[in-house]
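Common to both upcoming complexes is subunit A, partnered first by subunit B, then by subunit C.
Right, the complex of A and B next:
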């Protein structure tokens, strides 16, 4: 445990599974104390010329032995790179898609159940949003939805597959009503733990609005001051519903009568860059999204999570290379003389026979 | 490995004439009083004929040379003069430092050589002494001067039993001091892998004696070095080891260096009028006999 703590403090990025095996790293000093070769006695090394290449080879082989032992130990100990968050630079934004899941989204722009070649608003929104995120690979995107109450779906993420799946799900039959205020509050919350200096945007996709509670309004103002964002409202306007830019005759301009227009006014009053797109047809939606796409391209610092990577195989491969070197050297080992064995065996025998005769 | 038994047989055959002593000549006349086989200093009654002198110069009519006297037109009488036969002391100074373990030199050819020298000395009536030296004189492997029979067996046994170790040549200097005070024939058996100034000091200490340096070498080491490969060599004296990556260029440099060392040794010997005898691989009796007769 203690060793594990030490290892963790030694390096934040790298880790091993069995820290106690690292004690064996001391063995890596062995090649500097011992030799893999047979020592051939020679009368005097004075006669052997000094040779830089020999010294280099000697040092190289010792290092190879050291590396082989060290990498085997590291491999056995299970060397790996810990799960990491890498900060990268890109162009894009932190984007929250706030999707209206009220049942009116299931209708076409003609505010009827879709039939024939007419598309439901949610299907149009889905298709266009999928295209949209497909063009913006660097964005971190969160998805939230709202209906009677807000639904967090995805936190800010780099994984666009998930985002795509979340968007693909919005053409499911919708729920009851529209509570934009709490939805916006939820979307702003998505940025709460996002300390990044990148551009943040909320893309609100809805086909209607509702009255925002005064308390919720205050909360939203607070939240926007804390986390400045760009607001885009893609208003999928059905035929017959009131536009957000139309100024109704005086006396009818009440939030109850024109919730969309008053939401627009409220968002304008928040004091952050805000733009509303009133889309009355699929083509208009497309134009609106292209506009957002154009505006939200700023340098973005984003964090990429890299999962743990095992380096045991790499360590063993390095060990194999080092051992291959040593093996080649060992195979290249020669005796001091080509013909004679290094030490004539049984030299004591040499004189026995003649001495017997001499005696 | 497979040739090891064959090598033994070959060595056994070579050892066969060990009991045939070699004759050796001296280039100088030994002093001393022991009668022996070498023409010595002074005038003798018998032995090797030296010259004829007039009777008046050596009034010893017993040695009168009648034929020479009759042949002399002036009618002078001539007397034969002989050199006395004197014994000489032989000594073998054997380096048994760690480097001599290479190729089991001491137990093999050096023991053969010293046994043969001891036998030859005893047969010629000379004394033979053995000094084994590493950093110090090693008494257990040494023998004081002796001329008793069977000495060669003893010399061999001492040398077979010794395990070369240690480093340096201090023992050789000690042995040089224990040599007889009279000029002797000294065989200095070593691989001479010592610094040249040390060798000079040793030869200075042996100035009095007739030194025959016997250089123990291993021809296989120079000729049979592999061209390619890795060899871990360990110095037998210091124990330091290092890896050598053999390749033709390095092999050539190695051999050049060995040759240069050999030449330097030969030069060092030649300055003192010495000539080394190379004890290569195994004892070559013919070459040794020739060398000893050359004096």
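Right, the complex of A and C next:
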């Protein structure tokens, strides 16, 4: 690897918070201009033998000073290993939750205002969807809603907190209509920037359907050819409404009279893996979501984040070790004068070296 | 190792020891707990047609109000300290519609930023723009979350308020703190018109929009109008005229709405200025923050070492005299 490549990989993995503090690294040159030891005069350089060990210790002590200063500066500048993204293999999916926010979702499965033990469909959907994403920590999830108009809510994200916040908003009062077609087009659009081919899925949660404009139908057919997806439709069927699997008597089987059944037929005709779940009670919704959870476990390359690690304390510890060395050497320093009580007996190399470094 | 007395009298030794001790202190010091001001915000952005008016200028290019409002909200998101939470809603017709509840801003930054970027006038589900009712609805949502409200709108009511009177506010003024941010310029500009596929087809003309709200009882001055007839023409005999087809910032209307609901009011001139306005008008929630203060003793250690080697280089030039 050349120098530029090494620098690039260093700055990719490592960073500092205050780069301008790195200018202080110039101070690390100071130990080569001076030492922590008293300079001593000697009569002649000839008195100093040419000792390789002393030279090495001398250089080592200068390096220790230099390292101490450099590591403190690095620590002050906030040296850290950047957040790393590690690519792993697992199971999961890239999922778009396409949520119906029409006002009929605010009614219970009996199609009445929720009361007592009857929950609104949106409340049931909210509770079970929060459970659902809680069991699937590796999914990347986007959220879109539709009612009178389609609304992109969140782009694909790994952070499930904000997905939960978006699901929590679905039991707020809804809007008037149910424009499923444009909603689906929007959900397919969420995959526009997503390179992962294999495990895309759209989970459509709605309690009704409406006619899909012929032009929107064509746009949808184009879109699923461009971005193949798995489609799941969780149909929250209210009491008295028409089911998606019931075949009405001949002559009544029109899209206007049975929009749900015809949406089902349309989705079947798209030519992508598609499954519809008709749920008439909270328990049925739970079973359907468990089934989707079971099916959507395809191999997925996902990115696991390793959080940033701070190395300031490690840098300070290294500096403390280097200064400790200097301090030990300083304590072993002996003068050349006779006034010294005894020869530097007992002081090993640490003691011997500073004397030599007087030269 | 027993230090000789000469070493203990040497300032170099004491500087080294000092550097060593401060570094040890840096390693052992506990983290300091500080409090910081986080905020819980609900940002509601007006996505009605009048927000498409291009009366801002960004880098010398005309910019739509909605684009500037989005830019301001994204700058606000970037300026919020961690542990703040931000939720998003849109306003059209007479309601504010919650897209997601407040979520922590640092962890979910990319997703919230993407959601703000994705806001579009096409999300509007109706052409009407009852701003006052929308603000009232947003206040109700904010109170239930709970969060403080940041409402970005140009204040243009469509159709105009009947008789110019604000609808009654049923909440408690001042219960939800927040700010009403006026977006746009006070000078009237044409409002772009779009077809069903979202292509721009021109601008709204005078007769394209209701110039007067003709539902409910007619105003008091109606009998003085030309062609007035109590049964056949209670609003006068002529079509209403006016400038409702031109978009302008309705500052007076927003000021009275802010006064009615106890919100602050400011005009958005520069997208970056929103954070300061929000800080002044919303409630702070103190959050604890663990701060590493090891840098202070470490900086002292660096100072000691620098002194040691600089002074060593300056005074040590002249060697000690040889013993006689």
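FYI, the second predicted complex is superposed on the first by the 213 of 359 C-alpha atoms of A that agree within 3 Å, B and C clash if a C-alpha of one lies under 4 Å from a C-alpha of the other, contacts with A are read in each partner's own complex, and residues count from 1 in each chain.
As a convention for this text, a contact is a pair of C-beta atoms (placed from the backbone, for glycine too) under 8 Å apart; a residue touches a chain by one contact, two chains touch by 3 or more.
As the structure is a computational prediction, the values presented were derived from the model and not from experiment.
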Looking at subunit A, which partner touches more of its residues: subunit C or subunit B? C
Considering only the touch criterion stated at the top, classify A:49 as touching first (subunit B), second (subunit C), both, or neither. first
Subunit B versus subunit C as contact partner of A:27, first or second or both or neither: second
What is the contact status of A:89 with respect to subunit B (first) and subunit C (second): first, second, both, or neither? neither
Let me test your reading of the model: by the given contact rule, A:333 touches which partner, first (subunit B), second (subunit C), both or neither? both
After superposition on the shared chain, which partner residues are touched by A:256: those of subunit B (first), subunit C (second), both, or neither? neither
With the two structures laid over each other on chain A, which partner does A:57 touch: subunit B (first), subunit C (second), both, or neither? first
For A:40, using the defined touch cut-off, is the partner it touches subunit B, subunit C, both, or neither? Pick first, second, both or neither. both
Subunit A residues where the subunit B and subunit C footprints coincide 35, 37-43, 332-341, 347, 358
Note: in the complex, subunit C contacts subunit A through residues 1, 3-4, 6-7, 10, 12-13, 15-17, 19-20, 23-24, 26-27, 87, 90, 95, 97-104, 107-108, 110-112, 114-115, 118, 120, 122-126, 141, 292, 294-295, 298-299, 301-302, 305-306, 308-313, 316-323
Over in the complex, which subunit A residues touch subunit B? Could you list them? 35, 37-49, 51, 53-55, 57-58, 61, 329, 332-341, 343-351, 353-355, 357-359
If we count contacts the way the header does, which residues on subunit B are in touch with subunit A in the complex? 1, 4, 7-8, 11-12, 15-16, 18-19, 99-104, 107-108, 111-112, 115, 119, 150, 152-153, 156, 160, 191, 193, 218, 220-221, 224-226, 228-238, 240-246, 250, 253-254, 257-258, 261
Per the contact definition, I'd like the list of subunit A residues that touch subunit C in the complex. 24, 27, 30-31, 33-43, 65, 68-69, 72-73, 75-76, 101, 143, 145, 147-155, 157, 159, 161-166, 168-169, 172-173, 175-177, 310, 312-313, 316-317, 319-320, 323-324, 326-328, 330-341, 347, 358
